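In the two complexes below, subunit A is the common chain; its partner is subunit B in one and subunit C in the other.
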Partner chain A sequence: MNIVGISACTVGIAHTYIAQEKIEAAAKKAGDNVKIETQGTIGIENALTDEDIAQADIVILAVDVKISGEERFAGKKVIKVSTQTAIKSPNKLIEKLHELGRQ
Partner chain B sequence: MEEFFQAQDIIDPKTVLVHLEAHNKKEALQKMAEALRKTGYLKDTEKYLKDVYLRESKGATGIGGYIAIPHGKSSAVQKIGVAVATLDEEIEWETLDEHGVRGIVLFAVGDDDEAAQDHLKLLALFARKLGRESVVTALLNADTAQDVQAAFSDN
Partner chain C sequence: MNIKEIWKAANPKGHLLTAISFLIPIVCGAGFIIAIGMALGGTAQNALVPGNFDLWQALATMGGKALGLLPVVIACGISGSIAGKPGIAPGFVVGLAANSISAGFIGGMIGGYLSGYIALAIIKNVKVPSWARGLMPTLIVPFFASISSGLIMIYIIGTPIGIFTDGLTSFLRSMSTSSNLIVGAIIGALCIVDFGGPINKTCFAFVLTLQAQGVNEPITALQLVNTATPIGFGFAYFVGKLLRKNIYNDKEVETLKSAVPMGIVNIVEGSIPIVMNDIIRGIAAAAIGGAAGGAVTMVYGADATVPFGGVLMLPTMSHPMAGIMALLVNIFVTGVVYAVIKKNVSCEVIEDDEEEEDINLDDIKIN
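Right after this comes the complex of A and B.
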């Protein structure tokens, strides 16, 4: 499955990047292609391209704050959780993405 | 990100406190902030801690697996840095699982980001590593500051 997403937390220096790592690791373990854009204090990194988004089966937003560019996902299946959920149960989250992505 | 810098470069051995004696969160944060101040990362310990507690009030900084990542963006920060502490005994902390905390990574970031983009990038790279189980395990087992640095150099 092709998964793209965004992580962003309140202060933008810690949880954002831990959530990115956890989601990417769990998705890779499940055999998915995955790319998570981070929106933190340093701005946007690992930015999703139009092509990344076009090819995605599902979009995961692990965000605690308002993000920029959410409209890029119009027409896509989008799941929104907190960064805490992504950090706490990344494997369960990926399972959920698989369920919804298949529908 | 330039490959030039590596995540472990953010760790200053002078602000690594292995086997820290602290019986609660307050004591641990106080000692860690003091270490940051003494080595020139903070201008003012109390003011910085106020900003750290402000973040604490907004949600758990215990990320599970015995690790906590308290952090504050504060005008009391002189330069970007981290303090790392390991504790022999678990202390109480607001966490995402049923455990307390035995490893603490305290981030110090100033409120002027413009000047410090490179360091912030390094800090992001460093934070990311805390999402890896192998890094966390190595950190919790660290006996020396060098062990702590080695924990984060794991690719």
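Right after this comes the complex of A and C.
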């Protein structure tokens, strides 16, 4: 599956990047293509391109705060969780994405 | 929709956290500036008259002015999070209204929700003919949302909020030593259980409110715990060696080399990767140490007049020794507890798959 997403936490210096790492590691383990954009205090990094989004089967947002550019995912299946959920249970989250992606 | 669903859709906590994410860099930047200014003898001035101030006064004033506008920042942030860009202008106006009527930080928060939801309601419900479309963003939303939320703040809710915060302040000022101890322990433990996560930030918003009212100890307790915890984890390394235990792997030791200096300047988040590797023990050690440090701060009255800065907060206290003691107690307790309860590990980095918690379906929102 092609997974794209965004992570963003309140302070934007730690949880944002841990969530990104956890999701990417879990998705790769499950054999998915994955790219997670981070919206930390420093700004947007690892930005998703239009092509990334067009090819994505599902969008995962691990966010605690308002993010920018959510409208880019119009028409896609978008799953929103807190960064905590992504950090605590990344593998189960990916499992869930697979389940929802098939529906 | 029942109340729970409405509450979830309105997402008040998410808006507050978004606002706090805008607030933190201002608190950090201005906090360092005022801490340096005051540590070197400056005091915040009402106005800077050319020729009548030195650099330290300039720094203290600059930082003080910025921190004085935090109610406006929080109002803008909340309002903007609710209504998007059109929410920012009314949030700014209502935040300044809250400041003027002495409703402070709580006033700014409530005002932000008010102006945000009013702006959103106008955008959603007011339909204008196409010739007047240009009037929506230039006149209708900013003017009506600002004037209505501003007037509500000034004539209806501002004064009761001011009375409430004053009451809270005098209650906290009159507390006995034993209740100080309990409050200090609670703040210390609460602010560290999630290492800079949402609980910490909610706690932060609360104690920042108190500082705006002139009660400095609670925020000092919180920030000293944030400062001491990463240093405590560093200290645990040496305590572990003393106990002939190896408690960190090589990667964690590398993490500590940046986490400890970050801790000294008040940034707790550097220690998160360490805690993530052993959540239960890490949080236990941090919370016990935080409770001890927080209690010392409150009982001995460490009262930094700045809301941020780590060790730079010490010179702004009326009894810097109390702050130093709180830090040392916190570092010592966290370090010893972690070193004792942590299991022996090898230096090599092992990637293991621990049992993950099941995902609660309530935590997932699907569109």
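In the analysis below, the second predicted complex is superposed on the first by the 103 of 103 C-alpha atoms of A that agree within 3 Å, B and C clash if a C-alpha of one lies under 4 Å from a C-alpha of the other, contacts with A are read in each partner's own complex, and residues count from 1 in each chain.
Throughout what follows, a residue touches a chain if its C-beta (ideal position, glycine included) is under 8 Å from a C-beta of that chain, and two chains touch if they have at least 3 such contacts.
Because the structure is predicted, anything quoted here is derived from the model rather than measured.
Superposition note: with subunit A as the common reference, subunit B and subunit C are in steric clash.
Applying the stated contact rule after C-alpha superposition, one finds that A:M1 touches neither subunit B nor subunit C. When the two structures are aligned on the shared chain, A:A14 is found in touch with subunit B and with subunit C. In the superposition on chain A, no contact is made by A:I44 with either subunit B or subunit C.
Counting residues of subunit A touched by each partner, subunit B versus subunit C, the larger count belongs to C.
In the superposition on chain A, A:K66 makes contact with subunit C only, not with subunit B.
In the superposition on chain A, A:L93 contacts subunit C only, with no contact to subunit B. By the document's definition of touching, both partners, subunit B and subunit C, reach A:Q84. Residues 10-11, 13-15, 18, 41, 64, 84, 87-88 of subunit A lie at the contact with subunit B in one complex and at the contact with subunit C in the other. Listing the residues of subunit B that touch subunit A in their complex gives 55, 58-61, 63-64, 69, 71-73, 96-97, 107, 109, 113, 117, 120-121, 123-125, 127-132. The touching residues of subunit C, counted against subunit A in their complex, run 14-15, 17-18, 20-21, 24-25, 81, 195-198, 201, 267, 269-270, 272-273, 276, 353, 356-359, 363-367. Per the touch definition, subunit A reaches subunit C in the complex via residues 9-15, 18, 41, 64-66, 77-82, 84-85, 87-93, 96, 100.
Here subunit A touches subunit B in the complex through residues 10-11, 13-22, 25, 38, 40-42, 45, 64, 84, 87-88, going by the rule given at the top.
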